[in-house]
Amino acid sequence: MRIVVQEQEFDLGAEANAFAAGDNGNGAIVTFTGVVRDLASGNLDVMEIEHYPGMTERALTKIAEDAQVRWSLGDVLVIHRYGRLAPGDRIMMVATAAPHRKDAFEAAEYLMDYLKSRAPFWKKEITSGGADWVAAKDEDEDALARW
Amino acid sequence: MRIVVQEQEFDLGAEANAFAAGDNGNGAIVTFTGVVRDLASGNLDVMEIEHYPGMTERALTKIAEDAQVRWSLGDVLVIHRYGRLAPGDRIMMVATAAPHRKDAFEAAEYLMDYLKSRAPFWKKEITSGGADWVAAKDEDEDALARW
Amino acid sequence: MDVLYFAWVRERIGLPKERIETEAATVSDLVAELSAREDRYAAAFADLSALRVALDQELSDFDASLSGVREVAFFPPMTGG
Amino acid sequence: MDVLYFAWVRERIGLPKERIETEAATVSDLVAELSAREDRYAAAFADLSALRVALDQELSDFDASLSGVREVAFFPPMTGG
């Protein structure tokens, strides 16, 4: 298990290759990568991500540990950035390795659902017109109900 | 959309990075990578993958097109190898990009479920003790029922 | 028409592809015709529930018509991914 | 104890962290005490349903006891991923 909270960018390809280089018992590897989307209006200058140092690492570790209890996983990776990002920048990634694809997929979705609503990150969208905190979505909270 | 059927190996990281380099409307990128698992007995020498040239590309293209109809996707990638592979070698990958993570995850699972049972590939496991065709699993056929 | 065999069907019949002149109306008729011809076909086609058929590279059924079909392929259930 | 604020709670209160001496028994008591102290707290804590609280870096509830707690954090619902 590897949990990384960092300001600097990460290389999705290098991380995916390093993660997949593990043992041969895991036939299935799933990655999810979150990318800063531009706004519908197309004028997002900066996405600022605030976090709670200390609690962030604890929360991500707990989410990953819970996933390892629920599914038969070979390995779990979570990387999440904070600070100032631009449209197209990669915000975060999770990766799961498992003997079976169903486990790898479900665990990755679980990590994402919990990470969205239970890891202490807050996003702020900065445009030439001002700055707005991104509101939590009911559907993200509702997504937890399925687990 | 990109469909690749090839004998030579592919670089997961390079493919993931190239796929993710697309437009900024897609906040969610999912990849699935299939790796040759060793047998429980630990003595797999070679996994031989036979395919049906021509039909393979048609079947994969149709599966990817169907996914694009069912979900709002920015892009789809399918790579599948044939020929002789060793434990730890990467067999195949799919990648999906979408504005929303649910679409990216579901479409990737759909691609995998259909690719398992509807794309003309056949696996043979070769050990020092002999060679056996891998039998199709009922659970793989059953997995199609959910779509 | 061209008839193709894959995986253990190919191994049992002993060749990957052959040209067959036939008046068979359906896939089932073709299977019966080949099975009657030689034991290796009868062995390969013994259990149709373990077989799949594609007509011109599209999955099809054993009761499908062969009218206009140029390529028939027989193979076991697929195991990709 | 240390009290931390994040996102718009931090902006409304005007600082990220402060040391507070309090006899408040629960989180709700602490919220009432701070809200009575200055308008900026009252504004930040006006709608508790829009707030979350963590005690010693674990998500908690507003009726939780502060006994033994060293670090309290207030913030809006999280928006990671």
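Note that the chains are named A, B, C and D in the order they appear, and that numbering of residues resets to 1 at the start of each chain.
Here, a residue touches a chain if its C-beta (ideal position, glycine included) is under 8 Å from a C-beta of that chain, and two chains touch if they have at least 3 such contacts.
Each chain and its UniProt protein: A, B = Molybdopterin synthase catalytic subunit; C, D = Molybdopterin synthase sulfur carrier subunit.
Here the structure is a predicted model, which is why all the values come from computation and not from measurement.
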Worksheet item: If you walk from chain to touching chain, how few steps can bring you from chain A to chain C?
Response: 2
Item to complete: Could you grab the centroid distance between chain B and chain C? Build each centroid from C-alpha atoms only and quote it in angstrom.
Response: 26
Worksheet entry | Whole-Å gap separating chain B and chain D, where each centre is the average of the chain's CA atoms | 48
Worksheet item: Quick one: chain C and chain D, Cα centre-to-centre, how many Å?
Response: 72
Fill in: Residue list for chain C, restricted to those that touch at least two other chains
81
Discussion item. Two-or-more-chain contact residues of chain A, please, as numbers and ranges.
Written reply: 34, 101, 112
Worksheet item: For this entry, which pairs of chains touch?
Response: A-B, A-D, B-C
Worksheet entry | Touching residues (chain side chain A, partner chain B) in the complex | 11-17, 20, 24-38, 87-88, 90, 99, 101, 104-105, 108-109, 112
Worksheet item: Which of the residues in chain D come into contact with chain A in the complex?
Response: 4, 6-8, 10, 54, 57-59, 73, 75-81
Worksheet entry | Touching residues (chain side chain B, partner chain C) in the complex | 34, 50-52, 54-55, 58-59, 80, 91-92, 112, 115-124, 133-136, 141
